[in-house]
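Same chain, two partners: subunit A is paired with subunit B first, then with subunit C.
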Partner chain A sequence: MFRYVVRRLLGAIPMVLLVALGLRALMALVPGDASALWINPDMPVDQIAKIRADFGLDQPWYVQFWRWFLNVLQGDLGMSLAQFKPVTQIIGDALPNTLLLSGASMLVIFVVGMTIGVISAIKQYSLTDNVLTVVSFFLYSMPGFWLALMLILVVSELWPSWPSSGMVGNEILDKVAAIEEAKLLGETTDVRIGVFEKWIDTAQHLVMPVIALGLASAASVARYTRSSVLEVVRQDYVRTARAKGVAERKVILRHVLRNALLPVITILGLMMPFLVSGAVLIEYVFGWPGMGQELVGSVTQRDTPLLVACAMLLSVMVILGNLAADLLYGFADPRIRHD
Partner chain B sequence: MNSIRLSCRHLTSAALALGLCLGSIGCGGPESGGNDGGNAGGKNAASGGNSSDVEGSGLEGRPHAADAGDTLTIALIGDADSMLPMVGQSVNGSMVYDLLVPPATTSDFQDGRILFNPGLAKSYSWNDDHTELTYELKDDCYWDDDSGKVVNAEDIRYNYELIADPDVKSPRQNHVERLDPKNPVEVLDEFRVRFHFQYAYNEQTMLAHAGFNISPKHLLEKYDRASLISCDLSKKRAVGHGPFRFLKWDPKQSITIVRNPKSKTYAVPYVKRIVFKIIPEYQTRLVELKKGDIDMMDAVQEKDIEEVLSWGSVKLYERGYRFLDYVAWNMQNPLFAERDARRALTLAIDIERIIKTILTFGGKTYGTKAYSTFTPELSDYRVDDITLLPHDPAQAKTLLAGLGWKDTDNDGFLDKDGKRFEFVLVTNQGNPRRSDACVLIQEDLKKIGIKVNLEQREGVTFFDDLSKKNYEAALAGWSASLFPDPSDVWGSATETENRLFNFTAYSNARVDELIAKGLKTKDGAEEAKIWQEMQRIIYEDQPYTFLYWKTSTVPLHKRFRDYKPNVLSVLHGIENVWVPKAEHKSKH
Partner chain C sequence: MPESRGVSRLPIVHQLVHGPRVIGVALLLAFLMPPIALVFGLVSGSLSRHIEAARGFGSWILDVWNVLAIKALVVSPAVAIWLGWPKAKRPREGKSQWTLVRERFVRSPMAHWGLLGVVFLYLLLFLAPFLAPYGYDYLRDPANLKLVGPLSDGYLLGSDQYSRDIYSRIIYGSRISLTIGFVAVGLSVSLGLLLGLLAGFFGGWVDFTLMRFVDYLLSIPRLVLLLVVMALFKDVVPAEFRVHLMVVILGITGWMGTCRIVRSEVLSLKERDFVQAGRALGYSSTRIMLRHVAPNCLAPVIVAATLGIGATILVEASLSFLGLGVPEPVPSWGKMVADGKEYITKAWWMTVFPGFTIVAAVLAFNLLGDGLRDALDPRSSGSKKIRIEEMDDEETSSQEAA
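This part shows the complex of A and B:
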């Protein structure tokens, strides 16, 4: 299996570079470039020309790509032309936050989606099934942006103390400031932030974005799971298990669910990159400091180095998602071997 | 001390209308008498206040010292790009660093004029021909990096040297472009510095140009000049001498600054901390404001004003007119090349209806008709007796008929030489006010037989197209400068000046002459006459259909007292804002 994984990863490198090349070419077609940041009536034209030359923006796109490629070979993804920070640093700051949000959303998608799907399937055409089907379709058809705003508006009315933006609450910010201020002044302070206090604060901030990001996808997974379970539940081996007197719970969990997992795993694998890119609007609405905000900013500011790095990251997520799905097939179905 | 900081951003001659600006009129609301209650609360709290909080805080002797404390939480729509003023580009950044690294002079806005007061400087003086400005600096302003170094004349000179250096990539070229390139800033001694100008011009503008937010030389010189834009002083911390000190910056999340008890350039603030929280989405900011998780945000949209007032917890402050919306007619397009055609288009557009439809809510109008790119806030430059073109579709049709535009094929649209009077009106994406105005204009022009197709373009593309004249007509906007320099918008393009911001390709020899003269005129009355004449000519020519100046409304939680924003800065006089002790929210 190790050789299989290595082979797949090596094969992915040209694909990621192709994505970067294509994106560079596309960005060359888009009007304006990163020097637009400097264009104001007080900035002499020759200075703007110098800035463009300093950043290599006066070169054809393929020359810019080639220079960038040589730097990438040395592990340097370049400097953001809008933020003037290394791209790796920007991604390093944002990616963990997005992974936290996406990871939690994946958990919701997996647990909620599969649970609803299985219940719908085993209670096919019942009132429960009908209600869950309607709710699933409703959630699936809701635009994430709208759902997020509705969540904020409704929750803030019902439960005003529940946090609706950012990652850190005012109480923690206040304590952090008190501690930092004491450090700045060389004083001591009895203000402390407990580890659990911080975790709980982050978890509270995570709830609404996770619901907004995960619910629609969970509804989709529920539909796939339902149809997959319905297919498996009619198989002979399930009937045999039941005939042997195996408990229904065991039949569903061991025989039905495991065999129904294969298509669901495929869907989950494909969802991984979507969770990073799809978090764009959710991060914007909830002020979540993740990759989504960086991606949008890089497009609007024509920050090609950051944009290309974000796109490459998404490509890597697609590849890893597919690879993870392929590997999980092996766990779900022992007949599948990766050589 | 009732002073305000004049950020370097305000000196930008004009910029696409995206930023913040202010006003000074309390917007009332059901409980606008908050100050009375506040004073009462303040007195009670003061009597029970802990005097140890005041000792060593630098607040000794200030009227509300016993109420000092609490945190002001402000929502920003985006992160700051830099804490180093000479390379900072964003309004979000300047809102923060103006409090940390304030300009050398303080300024105020009274009766339609900007007034400058010494800040970092004890005093200033001019030579006889007004080309030399000498500052005498205070000798007890220290950099807040605990280096023990005093802010001195060499710091100022070095900052100007850096701004002028192309390697630094400073967008603040307006601060140096009219200084004598051979000897721009001369250090006379440790606390006296002299600015040498090439020629005398508007005194306020000269003071503003010499009043840059300076950073410490002893730290700046540690960095290679080309790397200043990305150095620690730009991206991780700030060192200044202002009323606040930098504390913490979590990228894309928050920036925290704390009161500087050693501030000498401004009074030591009552508020202990300011936290800037980054919340990009407007609706989310509004919810946070309602819940009290933030105390202030950039502006409340007009449609939401009544609701915000109904909460009872927030007071609204109206800001002055800084935002102009206009329709630019591309004069390189034959449709708009003739002055009469442009005048006809203005006559056909019902500007009053636009203002009533998109800027009037709850019986109050948040805009006024415009006739120029000079904000009406500047009283000296107003042209009060100008005759504005009325809404007169019949006259518009007559003018167009005179140019040969008639509906010869009876299809409801004007045509000439077989071509219909039809064009695309573009605006930028994400601005509902402008897109609504476009629809109203489309309706008005249809009534006189002109077919308008509407289009929205992404921000950078929109600007790129405007500057390259790759459009027919555009609804755009300016955030107006308070220091007049119309050369970029109305000056003719030359071989050396391609005038990126002259979107309409406007060219008028008399206007060029007036601009050249106005920019070199020191006498205020004479300068005002020049700009007034220029405004009249441009209005007659109608390269723009000037639509309206829009005010905006800043919300602040009512527990904060004595907030007096003005047209220069949202955070004007923030050092004087206080909260009665009994109403403090911050526990630490």
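This part shows the complex of A and C:
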């Protein structure tokens, strides 16, 4: 088991490096680079050449890749060419936000999806089941970014004060600014940001992105759960339990759900690519300061180091998701052995 | 089912009377395409204008569609009659595989709605010049730009920030979304089928290399790859070829799923007796692969393709939403939603209607794909299908008794 995980993780390293190599080769196909952002057209030519040489942009792409690779071995992902900050720092700021968003969505996906799936399976072919089926088909076909906009539209009508963009509310920002100012002036201030207050603020901002990101996947989890429960309900041991007079509630909770929900968690890992792609758009709509925002920004600005790092990280998330799926598969079905 | 007599023996009428009504309605719509075009064209007054001005359109992909639209007016009724022709009733044993598939398909109501939706979408696509009251890039009131709401001032679904008619743009948008979806999926499915056949049939190092390559491509989130490619080549590729670039990129990033399905299917098929028989008869590998193995793994491929069109429409909408899709002024549903994003609180109709269209289109393809899966691959579905199989047997036996 342990050896299997280590082998898979080691196998993932060349994959991720290949992603970086492929991206850099792709970017080299098209002339132009990030230097267009900070070069003034009136500059003398030799000065432009010098700036580009300072950033190593005058080298062929494979030389750039090799230099970058040597740096990566030392844990240095390079400098962002557009933000003039180390890439590791940018990602260090953005990654926790994306993980928070994805993690919370994952929770919603499984809680909502499994609940709906179990309900519609227990009441198979009833009105509830049919309505839930139709609704989940709708949600499954819905683009997340549009759902996000519709949420913004509805919430801004019904509840104008609810935050619909960004991650930090104005009150907190004001307090941060006040503290910064006091620090600059060397004064002491009684403005404090309570931990609890900050959490509530973040949670408020989190609600809409999580719904927008999670609902479509929740619908597919619901479909999967429904068929899984229906399969278990037909098993002999469920009939036995009913025959010996176990209460229906207990049959469902103890005998059916235990066996039906375990396979469902295996699709957790397979959901990862959808979550990653979806997060890019959802972050864009809600102005959530995560990896998706950085990715879109780095693509438009041709900020190669940041782009490659973002893409690598997203690939790592996908690969880890697949690994998790395989491991959970073995956990849910002990007949599958990894060795 | 009662024996069809008299007028109900006619194609399409047969489906309306006996068969699934929704399919009847879908076929009727397709059959009535020329009169629909005529009526709508006359009512909206756009018929003569569009036939004459068809050449003035900016992007040539829309021009091509205008020519096809005229042809569709002839072809569509013919296809509808062909599809709606009542089939002679035969006992179950005598039915071909495809007749059984058709019968199973006819039993699933969700799939009917999917089919109706898809027919309706293609009607929109072919008849856009006749159904849309204005051109997709026609500025109705450029001197006085204001956002007009739905059902007022001659705008059925409101106007956008350049006083263009949203209803017309949604109709023309179907051409972009459906074309990209259809062609890109055609490309990716052919690629997947071919490579899956090669990997499964030849095994060994071919299989190993191809499958590692598939793993590699699957480890890159598709949207990231598309984002990078579209952003990079956006300025290099001329605007009128942006659609082609998108189709190709979507096609070559979407074949991995099909490839895996086909490979696993081939792996089990090539041990079967009919393949062994082909070998014994001395058929070449190519012949066995193309004539005997490939047709037998088409079922999951058809399902994957139908579901893939829906998914591709979603991806196209996402890219257009990020501003990396087709160039202005060609309408795309995703881009229309993106336009509306700025005005979300002032002009809800700019986002709501194009978004609904995306949902409806993707839903139609998903429902159709689901129905096709149930019809083509009865093993994959659960208890519901088993009951239907039983019903089927009862039905045949009761008919025999009668």
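As a convention for this text, the second predicted complex is superposed on the first by the 298 of 339 C-alpha atoms of A that agree within 3 Å, B and C clash if a C-alpha of one lies under 4 Å from a C-alpha of the other, contacts with A are read in each partner's own complex, and residues count from 1 in each chain.
The definition used in the following text is that a contact is a pair of C-beta atoms (placed from the backbone, for glycine too) under 8 Å apart; a residue touches a chain by one contact, two chains touch by 3 or more.
Here the structure is a predicted model, which is why all the values come from computation and not from measurement.
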Combined model on subunit A: subunit C and subunit B, fit or clash: clash
Touching partner for A:66 - first (subunit B), second (subunit C), both, neither: neither
Partner chain(s) touched by A:285 [first = subunit B, second = subunit C, both, neither]: both
Which of subunit B and subunit C A:138 touches, first, second, both or neither: second
First (subunit B), second (subunit C), both or neither touched by A:152: both
Touching partner for A:93 - first (subunit B), second (subunit C), both, neither: first
First (subunit B), second (subunit C), both or neither touched by A:26: second
Partner chain in contact with A:4 - subunit B first, subunit C second, else both or neither: neither
Segment of subunit B intruding into subunit C (one of 185-193, 401-409, 455-463 or 491-499): 455-463
Subunit A positions touched by subunit B in one structure and by subunit C in the second: 30-31, 149, 152-153, 156, 284-285, 300, 302
Of all residues in subunit A, those that touch subunit C in their complex: 12, 15-16, 18-19, 22-23, 26-27, 29-31, 137-138, 140-143, 145-146, 149-150, 152-153, 156, 227, 230-231, 234, 273, 276-277, 280-281, 284-285, 295-296, 299-300, 302, 307, 310-311, 314-315, 318-319, 322
List of subunit B residues in touch with subunit A within their complex: 11-15, 71, 73, 81-82, 89, 166, 169, 171-174, 177, 226, 229-230, 234-235, 245, 247-248, 250-254, 256, 258, 273, 275, 277-281, 283-284, 287-288, 290-291, 293, 458-461, 463-465, 467, 485, 487-489, 497-498, 500-501, 586-588
Interface residues, subunit A side, partner subunit B - complex: 30-32, 36-45, 47, 50-51, 54, 79, 82-85, 90, 93-94, 149, 152-153, 156, 160-161, 163-168, 170-171, 173-178, 180-181, 184, 191, 284-287, 289, 293, 300-302
Footprint of subunit A on subunit C - complex, ascending: 110, 215-216, 218-224, 227-229, 231-233, 236, 310, 314, 317-318, 321-322, 334, 337, 340-341, 344-345, 348, 351-352, 355, 358-359, 362-363, 366-367, 382-383
